[in-house]
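Next up, some structures in structure tokens.
After this come two complexes, each holding subunit A, first together with subunit B and then together with subunit C.
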Partner chain A sequence: MLREEELKTFVDGTTRYFEVAAQQPATIGSPYLLEGEPAMHDYTGMINISGKREGVVYFTAPRAMLTVLLMKMQESDFSHESMRDLVGEVANTISGNARRDFGHDFVISVPSVFAGEKPQIPQPPGTRAFVIPIHWRSHSAKLVVSLT
Partner chain B sequence: MSTDNARERRPVRLLIVDDSNIVRRRIERSQQFDDLQVVGTAANGIEALELARRTDPDLVTMDLTMPQMDGIECITQLVKFKPTVRILVISALADKATAVEAMECGANGFLNKPFSDRQLNEAIAELMA
Partner chain C sequence: MQSSGTDRSRRLLTAAAGALLAALMALVLIIGFRLATRIRDNVATLRRASLLQAYPSELSQQLTALRERLGTLEYTGGVQQELSDSVAGVNRDLTALEHRRGLDPTLLGTAEQLWRAYGPVLAPVLAYAGEPYSDTDFGSSLSVSGKMYYTQVRRAELFAQSHAPALHRQLTALTAALQKRTSNAAARLRLLLSAGVLAVLLLGGAAAYLQLARSRGERAAQAAEEQTRDILHTVREGLFLLDADYRIGSVWSQALNHLFGREDFAGLPFEELLRDKVSPATLATAMKYIKLLWGERAHENLIKSINPLGQLEVTLDNGRGGKETRYLQFNFHRVLGAKGVKHVLCTVADITSNVMLTRELHEAQESAHAQLDMMVGMLQSDPLQVGGFLDAAAAGLKHINAILKEPARSHAEFSKKLAGLARELHAIKGEASALNLMSIAQRVHHLEDMVESLKGKSELDGNDFLPLVLKLDELLAHLRAVREMIGRLGALQAPASAPADTLSSPVLRPVGAEELAATLQNLARKLAEDHGKPFTLSLEGLTEVPAQYLGALKDCLIQMLRNAAVHGIEPDTVRRAGSKSATGQVRAQFQRQADGFELVFEDDGAGLSPEALKQAAVRKQLLTAEQAAELDDRAALALIFKPGFSTRTEVSLDAGRGTGMDLVAKAIYGLGGRIGVSTHPGRFTRFKIALPVPRETAVA
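So, the complex of A and B:
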């Protein structure tokens, strides 16, 4: 089961993503244990984890935040497809970076992306999900980590 | 102009491989080399191999986690028919074993995502040298 100290890997990965990709740090709130249905924003990028750990990591964000993030990345395409692409890439990057601590057997899938629909989030037995709140400029998003 | 001079002036031909449109555009936009010409972009390993046969790249930026054919398999096949190509892996996978595996398959450099423009250009410059 995911230990609270292991969350630091994902907090650090999220911090690094905004610092480097958006050139503007995000403020990370205190992680909390998810109870019940997760609250989703407009776009969600989800990575399935397999190997020595199982579960999912997903990044969910409102369209307004993604639009500003794309602007900061010098993008000029703010289409639905770009939003989908971006949430998938954020989830992929943070999950992939976690292999620095979790090792080569922390196997990540290509992203699944959901927009305007309630995603089916798999939750293998023995997992617990932590929510990492992300505040960036005037926007809020979440990274959810649910691992055995 | 002699043939030798013409060869010397040929730009470095770059193929960009990543399943994210945003990342492909970012690499294309951020590279700052006058003598670098983007000859194609591909979203997975299969597309990359087809494009590499058609466009004869000198340098390839290669993602690893991609649908249909991943970057490791693509590198393995690419170096078989184009052994002189220089390959810069640009991946979120941040463990050392992955970098070693990519290098053993034929990659020449490794850059972790997320990356800054400076990091990208330094990594490309090293492979163009």
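So, the complex of A and C:
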């Protein structure tokens, strides 16, 4: 069963990205358990976890949020590819945080990025996904953690 | 300690042997110097005595030569001068010998005496200054004085010839005595030197032995030091000594470096070791405990039993730039010396894996117990009733998740969620308790605790809700396990009539009046037993309850029954003292009225005290003292329906959260009804609930 420290590691990895990249920290909203189909925004960066724990962690954000984030990062390229790269980077930061805190217990895949299309999210049997809303400025994204 | 004492003794012995050797050498040298000086003097004396030995015969020869020269009329001045020199030489040497210590005075005295006998005969010879010859035309001849002089010389010659042997013998004896004395001194010097050499050899040998022993001791000490180093490098616990200033000593085990990720421990205050790794409160407690260890009167075993660092949760660097939570066990042993506590030996062990294992074991045990309790509870309950509860609980948790899902950014928005969560949880817990599903009730109770603690926070954000949602997930998993168990039990109890998965995935269905009655009676029995207050529950008219109201009324009746048991019914001793029957009475009557329905719920317990209610409201900070004073009795009784109100100061599974009557009132208002309360202190508490006719029923 997921522990609070583990959940916090993923949350901190996400909020830390905003703090470092945009010099403006993100806050988290009220967490809840996912029911039914995962609610995906326009762009999603996902990492698969295996080893001691199995499951997925993904960050999904709307295009508007990513655009503002790119602007804050002094970027001028707001193309589809830039958006994909951005959610990939967030997923990478989450992955780095997890490696730092969990070491070799977790085997973490390279991030995969989805845009537009509805990704196949492998849900480990017998587990529920935790949804943590990520608020930044007036925008909201979601961090979803589903681990055995 | 023992080897250190032996080493000190050995060093002292070596130093003493060295000092003795030096003193002995100095003594030998001093005595040797004095003996050598004496020998040197003796040799000089001996030489003088040897010279003296020659004088008697020399004098005889000189006198003979003088006489012969006088006879041959030759020049005598030279011989006379030699004679004079010899006499002066004897006098000088004898005088010199007189001043030598240690000479045999008899021998010297006799020699002097013999020499003094020469004086009268030699004196005229030596004193003669005339002209011994007279020259004439016939040649030279002795003068008158010369003839006299010749006679005196002849007499002296004869005297010398007769006395010379005696004097010579005497001087020879004196010389021999001197030789003997010199030989003795030389022998003593040889002996002294031999003894000195022997002593030096002996002492040198002793010093060499002691040095050897010391080297052996040093080798042993080196070996011991090496062993200590090996131990400190190998031992898996952190080891170090604390001094009276609570600072770490200069030696510690290698494991300490790994445990704390640092190497600068020498002189480090113990407080600094733990700062930033534990909470300030834990740090303060730890320091108080460390100070206790230095108390002379403190009993070690007693101190050990109150060790606050037996299992310390610390946050440490994980070596990859991150932090991790570890569990450390500190043990302290006082090192006593002659003047009391010298040091405190501290051992630190990383017991994280043990703690995790214990926790897993505990969880497994708890789960096993819970399953057992659950099975017992389910065997005692109607599976359909339990299934109904699980459906209701699942619906309640779904509602809780929906509350959590509502967007929130501000403290107010987060705070608003808490009240809704508390109500839902309380309802689930009440029904779980009624069905004796204690593992569920306790888990919900724990969630309620978390909600309550969040209510006290001045600033709430999403991070505060992470533990809540994790617990919610855990509770859902537990409900799923219970549901599976019910399925298995159901299959065992009715293998022929019901399919195995009927209960594993029950459909939501309305609660029946019989089920409600059975649930309430079960709860009443359990409450009476748990609180040691015997009472009976009489239920009337429950079959009249419209199906639409059964679910909500069940929650209300459960809550009111728990309140009656906890707050209303007195212990039997109190009841007897108040001239009441020992067994309390609780009654619930549901009946149809002209314009709807009425539920009367009453107990013959202690009743409600408006004053006590006001005081509780002030204590719970729901009212100020001034506001409470202005309330009349009716308004005071209405306080029980306020959220967060409770007269209990402690929270238990059955009461104390102040959520119960709030929940009842909200449920009744939700059905479009009204609720009122009347009481008589010491006699009864009565709730009257008026409900409208449900819409469907009215249409029907």
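The rule is short, and it goes like this: the second predicted complex is superposed on the first by the 145 of 148 C-alpha atoms of A that agree within 3 Å, B and C clash if a C-alpha of one lies under 4 Å from a C-alpha of the other, contacts with A are read in each partner's own complex, and residues count from 1 in each chain.
By definition in this document, a contact is a pair of C-beta atoms (placed from the backbone, for glycine too) under 8 Å apart; a residue touches a chain by one contact, two chains touch by 3 or more.
Here the structure is a predicted model, which is why all the values come from computation and not from measurement.
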item: Touched partner set for A:Glu5, first subunit B, second subunit C, both or neither; value: second
item: Partner chain(s) touched by A:Ile28 [first = subunit B, second = subunit C, both, neither]; value: second
item: First (subunit B), second (subunit C), both or neither touched by A:Asn48; value: neither
item: Which of subunit B and subunit C A:Gly103 touches, first, second, both or neither; value: both
item: Partner chain in contact with A:Leu86 - subunit B first, subunit C second, else both or neither; value: first
item: Subunit B and subunit C footprints on subunit A, overlapping residues; value: 97, 99-100, 103
item: Subunit C - residues contacting subunit A, complex; value: 318, 320-325, 398, 401, 404-409, 413-414, 417, 461-463, 465-470, 472-474, 476-477
item: Subunit B to subunit A touching residues, read off their complex; value: 19-23, 25-26, 29, 65-67, 91-95, 97-98, 112-116
item: Interface residues, subunit A side, partner subunit C - complex; value: 1-5, 7-8, 11, 27-33, 35, 97, 99-101, 103, 126, 128, 130-133, 135, 140
item: Contacting residues of subunit A [partner subunit B, same complex]; value: 16-17, 20-21, 70, 73-75, 77, 81-82, 85-86, 88-89, 92-100, 102-104, 106, 108-110
